[in-house]
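Naming follows writing order (A, B, C, D and E), and every chain is counted from residue 1.
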């Protein structure tokens, strides 16, 4: 999961900008959305193309797919006067969610999460926003569904008034938070499937699924936990900037996060509880297996011993010549076998074996 | 348990109203209770019928069974000026409990819990309230006993003065909280039954019951935990609106919640403790079983080996021709067997087997 | 343990007074102690007898054994102007400890705990106090040693000045808290006994004792935990009313509670730790048992196989006719057996078996 | 560990002074150190001898070894005007650490801990201080090394100015805290020894050592945890009285306590982790043992069965008379045995057995 | 890990300076860096050489490798007026991280951590800073890579303005924090390797690796946890002194620490989870092994018993003489064996064995 190197960072000055993470796109793509007037989009090939847009003073949203091109980040940093430490955070794609209020700018970094159906694992991707007076910059590691749907909605919906940069952040944030629900639902389904199988017939395949679910929940938690504090600070310090009519929208987001955190914790408890059930039922089955073995051994070992006695070849074994020896020995062994069975039944072993089967 | 789809929500604008949950009723039913004057009830077929009631300015309580009809919710929202985010919360029946103070309105959402006797599982249902100046709106997923008994009490009790909308909320809240006690009592009985069986004779059926109890407690906790904060806020910000003579009623509710939370936690500890006992006793029984097997094997394997030696068909085995060989071998084997038993008894294995049985 | 029904409560109006709990006395007994002048006691048959005492305005203490008579509670409530919710709390004997400051009255509810020597379980009993201007009401579920000894002390001790109602509460509270120490000491002794046995020779009986100790500690904690907050509030809001010369007495009580809570937590850790030791030693013993079985099987199975080969009845088995076959086979088997033993000893299995015994 | 009786305390008035604990000294010894003028010591036989010293108004330190003589405590209490509750705390040697600011007096109670090399267990002893205007009283359960070395230092060191009572408390407190380090170091060594043995060859003796270490850490924690709060209060409320030039000394003490608490917690985590390793390795070894048994049984049971078939004495068994039967059966059995081995090797069982040995 | 003695410290006066730790260097080395003017370095042989540098009043940085020479520390203490308690902290190399604001001086102590590739264990080293008006003192236990690279950067980079002492501390602190990432990455790789192996084929070697990883994480946590509070205090009280243009740098450091703490916690959860998987899979494998043994025993024990019956040598066993006895017995045994197999297959044992293999 972490194949990139933070080694490079160590030893460098603190504000050196180094890309950290998996390079998911060859070349970053930039799209400029002009917000002042409708919702016009324009592909940006080089940072220099942006200069004139900024000079117009129009409200715009610059969206970048891919953050591995450090030079481009530096150019953007010069253009928009972004602090080098912020650029370093954007380039470090393994950063935890954070928010920073920097005079004229708000810097926001969260993680979008997606569920990989094949491996049942979750991938996470860093999403960074810089909100200035009349511009919004957004950075993705690679293309993302949440963004696509929001952009489509705005593009197609000409009738509505153009959204402000603050409201775009809010919408994207809300959309990413909504996507967490989907993943929790997937994980919830996984948990229920595992639960059903484990109570019926536990196999080690289930064990591996439990392992993956637990790991997913650990990563979910790491991504979501800091959002509570971020949204609280947004509410206190940045509600105006997000341009939501009232605090209700932010509080709604806050509640969703709380609810997601609750669900993650509940799922963690459930899966831990299911593992307990798994272990208990494996323990119980071991007892059942050993009971079968012990019953069989306890019955047949003494019997085999008796018959082996009369298989000895001593010349002087008077019983061998008696007429009734054979039936007597057979009956003795039969009674002995039945007696053992009776003892085990009295001990309750047999009963349990029967109801279990 | 969660078969509905939050997928629909993701991608939609944040304040779009989408029903989330199990559709428990085909068509919502609305009943209007006129509070100004006695306690008259009237079935409402369509939202438009309410218009004139509102215009009269009389105090009334509108109760809806079923929230799956999103259009109806929107109409009500227009009529009572309810914020779309609040309507979205009402329609999302898997929302955690919350309270929201919205200028003229208080929005309260809690969960009613019922115990399914057949499956021993608990079901939960969302209950939403909107309290305005002279109206109370309440929304249920489906019909509910707590509501029925409260309504019956008010309907039959003409002598008493008509309750205020605030007091109705308080009464319903109190009644729902009282119903939690019943469920905790049921779970408490389950725990005691499981405890008794597990100390006597643990079976895997007990394991499944423990699993269900633990899951129920996890869900209980999720529903109840947020109530503490909600009631605290009600006490601080909304006591007047609930129209209770003094803060004593709210504090009483608060204490009940604290007590319920304590009981849930105690029951969680108890059931965890019982699972520990189960596992320990299964471990112990395994040792006991293996001791039986080992005693039997250790006694009969060497004996069978000895008798198999004299079952060999070599021509030149002088012992076979001796007169006393047979009795000597028999006595040797007898002494060997007794010696083994003595060793095991000295090791304490036998003693434990005896007292255990 | 909980055989009474909170069902009755659900559905009733919040301030209906319903007895909840085990009925420990048929008929409540009331005793009036006149505090203004010596320490005179008087048995009270009916609430009406109290009327004239109240009218005199003398300071008095009314003590009730038994709270199952709801009518009597209501009469007392009318006489002393007690809020119905408080009466409901008194009648609900499964309430958690609480304190309530109600203008002229302080309502205090704690739990007295006693240790049942036969079952090694702990019983708890609710103790309620209402302290008014010149009266003290106390309610017990049934007679209690702490109360007896306090009353005896006051009765016999004429020389000392009569105690104030506040100081009586303090003395009773202190006496109940002191009784917690006794129970912790009992539990501490139980833990030490279990600890000694478990390190020597673990049996399932110990497991049941551990179970009972853990359950007792869970119940202790539930009864004691809320006292910390109650005493803190007493110190802040009610120190004057308790009529203790300085805050030192209350702080002393507070420290005792802290110390008791610490001891309960320490005992919980100890007993959890002892269960770990039990499980580990059961695991170890299983290994030891299986080693015995495996050593025996590994030595005798191959030997028995060899001897069974020469027990076959084929006509053409040249070895059977050789003179030296028998001694060669015997020596081979002897060497094989010794070789096995040597291998196990080298593996360290034997050594451990020896030192263990 | 707790053989004394708190029963006596229950029932007594709250401020009755009762000795609780193990009586470690027959008769308390008192030594008076005059601080005003050098560091002169004087043995005190009876409390009355102190009267004239107090009347002189000179600064002095009275040190008592042994607190079991309640009458002496009461006399001291009268002489120095000590509150009965404080005397009760001094006589109760199982009290948790505490600090009390009482107008003119500071009362401080901590626990000195020593390590018993024979039993590897820790003993703890109560140390109480009362600091008044010009006097310091200290109480030990029995003689203690920390005190001895401090007294020797002051006695021998005439050149230095005489220490103030406050600085003596600080020095003794610091010396006791330093002694905690020694014990943690001992426990740390125990942990490392256990760790080394457990990874090599776990035996139940290790299990008992782990048990003792865990119990020691539980007791350490109970003694040390409250010191954090005590020192914090000393810094805030009592720094002047301790007569340390700056707050640096108190903060140094505070940091040491924090570091000791950290180390205790780290050691608890380490020892819990080591127990996990123990259990896992015991589990693994069980698997290994069972594999040996299963391989042996699976190979020899079918072979023995085959040979037992040809050991049957039926008259009409044509194979018995064939010339090649014997070699064919032998080769068949040999091939079967090899086949089994091959299967187990393919399953990986053999490989693991080999590398393990 | 802790072979040095804190015994020496106990009994000494609190501010006595005693070296505690492993002596990693024979003789401390001191280097003086003159910051006023370029970045000139000078080796310092004795403390007296520093006197004239201080008298010049120039800004300088004195760096010491090695703190075992207590006399040198005392001389430095006299020269720079360092409090004896601070010198004691510097000499005690097992001190937890701390920060102290002392009028003119800031004292900062953190731990540098390095990863030992051979043993997979982590070593930690104490780093102390004293920042005065125009000087910076730094103390290392032995040479350290973080320091080397920072010094090289400043030495080679003449163009840039000379760094202030405060900025040097910040750079070194930042560099040490960056090095934590590297170690976490190493541990993360270890965890992934262990995870992969454990799901495929668990061996006890993995168990030991898990043990080392867990211990490393425990030590990491102990070193890193206090940094959060230290940096928070630096931000509040010492931001100016560190001479960073804005609070952004300190906040960046703070966030890195938070992220490192998060990662440590996540890794602790992951490794605990992996151990659970290990134990569960060992449990499962035991069941599988025991199933093989039980199937084999249950099939062959009864069969061997039957054949042993007809190996008895009784004279009067009519079956022995019948023509069809042998084929009948053989067929019976064959059918019995198949029946057993069928039963086990019905029980599901066989199926699991097959898919597992």
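One rule holds in what follows: contacts are C-beta pairs under 8 Å (C-beta built on N, C-alpha and C of every residue); 3 or more make two chains touch, one makes a residue touch a chain.
Predicted model, so just to flag it, every value in this text is computed and none were measured.
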By label order, what chains touch subunit A and subunit B together? none
Distance-wise, how many Å sit between the C-alpha centres of subunit A and subunit D, to the nearest whole number? 41
Subunit D to subunit E: how many Å between their CA centres? 25
Can you list every residue of subunit B that touches 2 or more other chains, as numbers and ranges? 279, 283, 286, 290, 293, 297, 301, 304, 308, 311-313, 317
Examine which chains touch each other and state the graph shape they make (line, ring, star, complete, other). ring
Write down the ring's chain sequence, where subunit B leads and subunit C follows directly. B, C, D, E, A
Sites on subunit B touched by subunit A in the complex: 1-2, 5-7, 9-15, 83, 85, 95-96, 98, 100, 102, 201-204, 207-208, 210-211, 214-215, 218-219, 222, 275, 278-279, 282-283, 285-286, 289-290, 292-293, 296-297, 300-301, 303-304, 307-308, 310-313, 317, 319-323, 325-326, 329-330, 357
Going by the contact rule set out above, which residues of subunit A touch subunit B in the complex? 146, 149, 153, 170-171, 174-175, 178-179, 181-182, 185, 188-189, 192, 199, 248-249, 251-253, 255, 258-259, 262, 266, 269-270, 273-274, 276-277, 279-281, 283-284, 286-287, 290-291, 293-294, 297-298, 301-302, 304-305, 308-309, 311-317, 347-348, 352, 355-356
